[in-house]
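Just below sit the structures, each encoded as C-alpha cells.
Look for chain A in each of the two complexes below; its partner is chain B in the first and chain C in the second.
Let's look at the complex of A and B:
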C-alpha cells in the first residue's frame, strides 16, 4: 500500500537518499564517459544539448585508437603484466597462507602480521625502492651481487622491464591472495582432511586433493581480484614502464590527457574499452563464485590441526622470512639509504651523505605541509564519510526488504569494474564546469569514496551478516524505535567491523594515485601525487624522505584508530 | 625628527602612483599562482625570494610539471572556463605565439621589456625568462678526461652505441637540437645517432639520474642549468660540454595570462622576474642563462661570448616542424 505517509518513513527516506547519492556518484560519470567516447571533441567544450540529441556521435575515436595509437599492443601489455602478477601473487600468497596457517612453522602470528606490511605501503614507493635496488647499472642488488653475476655470466637485474613490473606488482598483491586463502584455511572444517589422512593419504596428497580444492572459491576470488586490480594498476607500470617506453592502457590514458595536445576523447574511448574488459572480468568472477564471492572469517569453532613439519620447519620459516625480507625489509632499507644521499651514485662506495633532505622536507618544501594536510583530511574525513555511506548501503542491503535493493547493490559494486584512472577522466568531465569543485579536495573526496565503495561495503557487510538479527528484532518488539535500535544494539555490535572498514578505506585513500594524478591541482595536492611528481624530476633522496613521512603518518593514524576502537591492527 | 619624517615620506613617493596601485591591488589579492616547468626545488626557492620582496603574498600554490603537461593543463582549464594560473612559464615558444593570436595573454605595458634584446621579447606579452644552453652532460666518474668528447659529430661514432641519452619527441628542446644540428651537420647526422640506439629520458631530472647512476655515458639533450645545479650546488660529479660546432639555444618565455585571478600580483611577479634583480636571482638559484645583456651567467658556466649559439631562425616553419617532430623522432630512435 503506497500511502503518502508511508513514503516518509525513515527507512524510505534513507533509501532514497542513498540511492540518489550512489546514482550521482556512479551513474553520472559513467554516462559522461560513454558520451565522451563517442564524441570527437572534449565534451566540456561541446554543446551538451547537441550531444544528447546524438548529433555529435562518431566512431572516429575508436578508429584512431586502432590505427594511430596501437590500442591492441596496449591491451596486450596490460594483459601480460596482469597475468604475470596474478600468477606470481597466487603462487606466493597461497603457499604462504598454507605454510603460516596450516603448518607448525614457528612464529606464525608474527609472520601473519608481517605478511600484511606491503598492503599498507603505497605501490609507487615500492616501485621506486625497487628501482634503487635493481636499476641496471647502479642498483644496490646488482652492485652487491655482481661477483655472482660475472661468475655465472648472466646479466644484472633490470627493474625497468615488464618482468620488473610483474615482480613488484606480484610482491604487493600477494597479501590479497594470502588474506583470502588464510581466511578460508583457518575456518575450514577439518573433518574432510582428517578422514583423508585416516584413509592413508599423506600430507602432500591431502593438501593437493582435499585442502586446496576445498578453498578453491577463496583462491579464485583472490586471484580474480588481483587480476582486475592489475589491469587497473597505474603507479607501478608508470614508474617502471614509462622510462623504457613500455605503456599499458592506464599509463597511456594518462599521457593522452596530460600530454600535448590533450586527447580527451581518445582517453575516454580507451577508458571505455578497459572498462568493458574489467566488467567482463567481474562478471566472470561472479559467475564462477556464485553467491560466495568473498569468503569471510566466521570465527566459529573450527580449528584445523596444524601439520607437524619436523625438519622442514626451519626451511619453511626461511621461505616466509624471505618474502618479508623482499617485500618489506629490503625496500625499506633502500629507501632509508636513499633518503640520506646527497645525490645518486654509480656505486655505494661513492655515496655522500647528508640529513639536509629531511630538513628540506620539513622546513623548506611548501608542498609537504599542504600534501600532508590534504592527505590527512581526505583520509580521515573521507574514510568517515565513506563508512557512513557504505554502512548505510550495507544496512539497506542486508537488513531491510526494501524494493530496489538489487539495483542498489549493482550500482554500488559497479565502481570495481571501472579502473580508477578511467573513473577520474569521467569525473573530470562531469565536474569541471561546476563552479568551485574543480581542483579542490572535495572532487578528490568524491572520487575516492566512489572508487572504493565496493571495498567499504564488503567490509561492513562481512560483519553485518554475522550479527544475529534476533537481537535487533528483540529490541524492536519491546518498543525501541528503529533509530534507537540502531544506536544501542546494531552499532555497538558493528564496531569492530566499522573500525576495520574505516581502516581499510583510510589505507586505500592514503595511497591512491591513479585518479589523484588527474584530479589534483596545486591547491589539492596529496602525498602520493607529490611522490609521483618528485620521481619524474629525479629527486630521489627528497622523495624517499617524503615516502617515509607518509608511512609514519599512515601507521600513526591507524594505530590511533585501533586504540579508539579497542581492536588490534588486523584486516579481516 | 621632523626632518627625518619629511625625508622618509619623500622616499615613498619614488614609487609612482601607478605602481602603488598595483601593489595595493596585490595586497587585496593576497596570493600568486605560478604555472611553471622550472624544477620544483629551484621554483620553491625562487618564489621564496619573490615573497621576501612582497611578504604579503601567499606563494605556496604553484603547479609544476614538464612544459607540455603544464601547457596541456592550462589549455584544458582555460577551455573549461577555469581561471587558476596567474603567470605561466614553459620551455616552448610556439604556445606563446598562439596565445597572443588567440588573446589568451594579458597585455602589460611594462618598461622592463625594453631592457631585453628584441629577439627575446614580444613587448607587452612575454619575454624570455630563462635561456637554455643545450649541451652534453656526463659523469666524470664514468668518463675519464681523455674520453670526454669535444664535438657533436663524434657522438655518431659506433663506440657510443647504447651510451647516449636523449629526450622524447614531445620535448621542445630536443626538437630545437635536432633542427639546429641538422642545419650544421647535415641530414645524415641524426640517422647515425639513431643507429647508436640512444635511451630516452623524459625530463632533465630523469637524465640527471641516468648520468648519476651510470646508465648512460653522455646525455645529448642536457642543460647548462642542470650542470650548474649538479656541479656547483650539489657538488655531484656531473659535468657539461659546450661542443665545438655550437650550442643550440632555447628561450623559455613567461607571460601573464589574460584570465589571471590575481592580475596585480601577476604584474609584480613578472616585472620582478624580468628585472635585473629577478634575473640575477634566477641565475643564482637555477643557473639558466639570462637573455638580459647585463646579467652574467651562472658560476663557472661559460658566457655566451665564449661559445657559438645556434638559434632557430624561422619560428613559423619551426612551429609546423614541431608538430611533426614526434613522428620524425620516433622514426629515428626506434
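Let's look at the complex of A and C:
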C-alpha cells in the first residue's frame, strides 16, 4: 500500500535529491550542446523559445565543418595519434605487467610502485618536459647527442610531430594498461597455467597460449580506455602539435572558441561529433568487459609462481628501469635543471644558474600565486563535495533497492563518454548568462565534479562492494537503527576507501586542463592553465618551477593519503 | 510448551519475478529448535531472512511471540532492529574494526545497558564459550572456529527469545563442524531459547533439531521429528535427502504375508514392507526406502522367512568407524553400513536380511 508518508521516507528524499543534482550537472549541459550543434548562431544569443520550438534547427554547422574546416582530416589526425599511443602503451604496459608480476625480476615491488609515477604526473607537464628534452633546436637530448647524430648523419629528435605526441602519450598512458594487466595476472588461478605445464608446454608456450588469452578481456579493456582517453586528450596534442600546426579535434575546438571570430556553433557541432565517437567507444568497452574475465580469482590465496629467467633477469630489469627513466627520471631532471636557469640558453655549457625563480615566482608573477591558491581551494572543497555526492550515489546504487537506480547509474557514469573539453563547451553555454557563476571558480568546481563523477563513484563503489552486507545486517538485527549502523559500522569500514577516493579526486582536480582552459578567467585561473599560458609565453624557467610545485603538491597528497588509508588508490 | 514463538502463514517471497518461497506456513513453539533443511535454492535462507526482516515478503503473515511483525494485507512491516531476535550468519559477520569484546558488547551498547552490566554479561558469555583469553584481540586475528564462537557469543549475550542460524557451520572443516554441533546442542540444553536453523547438511539437522522442515523449490516437502524424517520419508526427494538411503523400484502386488505390504522388483524378487507413506493398491509402481544401517549381512543364509536376498560384495569401503558395502543383489545395488568388527571381502557371496519394519514404501 503506497501511503503518502512512505514517499517522504529519508531514503526516497535522498534519492530524489541526488538524482536532481545529477540531472542538473549532466543532462542540462548535454541538452544545450545538442541544441547548439544544430543552431547556426550561438544559442545564448538567440531567442530561446524559438530555439526550443525547433525553428532554428539547421545542419549548416556540419556542412561548414565538412567543407570549410576540414573536419575529416581533423578526425584522421585524432585517430592517428590515438591509435599510435594505444598500440605503444599496449606493448609497453602489457610487457611490463608480465615482467613485473610473473617473472623473478629483482625489485618487483619497487618497480610496481614506480610504474604508477607517470600515472600521477600531469600529462601537460610531461609534454612540456619532453619539449625541453627533444625540441629540435634547443632540446637537451639533442644537444648532448649531437656528436652522435652528426656521426651517423641523422637528424635530431623532433618532439613537435605526431610521432612526438604518440611518444609522450604512450609513455603516460602505459600505466593504465599496466594496471589492468597486472591486476588480472595477479589474481589468476595458478592452476590454470600449471595444468598447461603438466601437459608438456614450456613457459613460452604457456604464456602465449594460456596466460595472455586468459587476460585478454583485461588487455582489451585497458587498451580501449587508453584509446578513448587519447581521442579526448587536449594538453599533450596542444603543447606538441600546435607549434607545427598539427591540429586534432580537441585542439581545433579550442581555437574555434578562442580564435577570431569565435565560432561557437561550429565548436558545438565538432564537439558533438567527438562525443558520439567517444560514446561509441565507451559502449564497446562495456560490451567487451561485460564478458568479464574467464579468469577465476582463487579463494585459496595462492599466488602464481614466478618464472625464473636466469641470465635474463638483469636485461629485463634494465628494460623496466629504462621505462621509469624515460617516464619519470629524465623529464624531472630536465624540469629541475630548467628551473635553476637564469634564462634559456642554446647550449648548457653557457648556462647561468640561480634559485631566484623559486623565490620570485610568488611575487613577480601574481597570476601564478593566484593559480596555486585557486587550485588548492578547488582541490580541497571540490574533492570534499565530490566525495559526498559520489558517496551518496555509490551507497544508493549498492546498498539500497530503490527504484530508479539504473537511471541514476547511467546518468552518473555518463560524463565519462564526453571529452572534457566538449563538456566545457556545453557548460559554457549552460551557465554563461549567470553572472555569479560564469568566470568564477565555482563554475570550475561544477565542471570538475561532473567530469570526474564516474571516477569518484567507481573508487568508492569498489570499497562498498567489498564490505560484506551481513556486517551491517548483523548490527541491524541487534537493534541498531539505520543511522547508528552507518555511523558505527559502515563508515569506519569505508574510511580507507573514502580517503583513497578523496585523494584521487583532489589529484585529478588539481591537474585538470582540458575543460579549465575554456572555463578559466583571469580571476579564476588554476595551475594547469597557468602552466599552459606560461608555455606559450616562453617563460620556461618559471614554468619549470610551477610544474615542480604542482608535482610536489600531487605527490604530497598521495603520501599523506597512503599513510592515512594504507591502501593503494584504485582507478577502475 | 504453550506460547507460539513464531507463526508463518501463506508466505511468498519473490525476487525479480522468481518465487523463492512459494506459499509456506509453519509454527514454532517456544523452546523448540527447528531446522529448515534443503538443497541450495530451496528457499530456506529466504524464509529465514524474511522472518528476520532482512527481506520483504511479497505476501503472507509473520507473527513473533504473539506480535504481528509482518502482514502484507494490513501493511505491517516492522523493521529488523525492532523484532528482538538474533542471527548467526554463515560468514560470522564479525566486525573487523572492533575487538572481540567490543563485538560481543555491541548489542548491549545499542540497548543502553550500563557499562558495569555490559562488562559482566560479556565476560560471562565469553567464559561460557571458552573465549575469555581473546577478549582484547582484534576480531580478525581469530581462526574460523573462534570467530564462529564470537558470533555465537554476540547472538546470546542479550538473551534473545529466538535465535536464527543461517548455515553457521558451513565454513568450518568437517572435524570442527562435528565438534561445534555438539557444543550447539549443549547450549540448546543449558540455555533457554527458541531457534530456527537453516542448513543443507542432513546430519546437522538430525543432530540439532526437535523438528525438521524439509524444503524443496520454495515449498515444504515434509515436516516431522528427526526420527520420522529418517525412518518414514514421504517422497522420493525426502528419501534421497537422507544420507545413505537405498531406493528400490518395483510394483505393488497382493501381499503374501500379511500384515506387510509386498513389492515385486523387476528381477522378481519380493520385498516385504512394514510401513507406507500413502495407501497402496496392487499394480502401482512404488519405491522402497531402506536406510543403509538396517540390512544385516551374513556369509550363510539367515533363518528368516522374508526379505532374505542373495548377493555379492561389489565394493568395500573402510571408513574407520564403520564399513560401507555396495552389494550387488536381486534388489539392485544396495548400500549397507556395518560396524567394522566383521569384514567381508570384495567378490564374496553374501546374504542380506532386512527386517520389514525398516522397509518403508514411498
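Here is the rule we use: the second predicted complex is superposed on the first by the 547 of 572 C-alpha atoms of A that agree within 3 Å, B and C clash if a C-alpha of one lies under 4 Å from a C-alpha of the other, contacts with A are read in each partner's own complex, and residues count from 1 in each chain.
Assume a contact is a pair of C-beta atoms (placed from the backbone, for glycine too) under 8 Å apart; a residue touches a chain by one contact, two chains touch by 3 or more.
Note that the structure is predicted; figures quoted are calculated from it, not measured.
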| item | value |
| --- | --- |
| Combined model on chain A: chain C and chain B, fit or clash | fit |
| First (chain B), second (chain C), both or neither touched by A:231 | neither |
| Partner chain(s) touched by A:522 [first = chain B, second = chain C, both, neither] | first |
| Touching partner for A:493 - first (chain B), second (chain C), both, neither | second |
| Partner chain(s) touched by A:90 [first = chain B, second = chain C, both, neither] | neither |
| Which superposed partner A:474 touches (first chain B, second chain C, both, neither) | second |
| Which of chain B and chain C A:484 touches, first, second, both or neither | second |
| Chain A-centred angle between chain C and chain B, computed on Cα centres after superposition, in steps of 10 ° | 160 |
| Partner chain in contact with A:259 - chain B first, chain C second, else both or neither | first |
| Dominant toucher of chain A (residue count), chain B or chain C | B |
| Partner chain(s) touched by A:342 [first = chain B, second = chain C, both, neither] | first |
| Minimum C-alpha spacing, chains overlaid - chain B and chain C, in Å | 50 |
| Residue numbers on chain A that touch chain B, as the complex places them | 42, 44-45, 135-138, 242-243, 245, 257-262, 264, 342-346, 350, 352, 360, 364-367, 370, 432-433, 438-439, 521-523, 533-534, 536-540, 542 |
| Complex contacts: residues of chain B adjacent to chain A | 33, 39-41, 44-45, 60-66, 68-69, 71-73, 75-77, 79-82, 84, 139, 141-142, 170, 200-209, 212-215, 230, 234-236 |
| Residues of chain A that touch chain C when the two form their complex | 1, 3, 468, 470-471, 473-481, 484, 488-489, 492-493 |
| Residue ranges of chain C touching chain A (in the complex, touch as defined) | 52, 54, 75, 79-87, 89-91, 93, 95-97, 106-107, 110-111, 154, 158 |
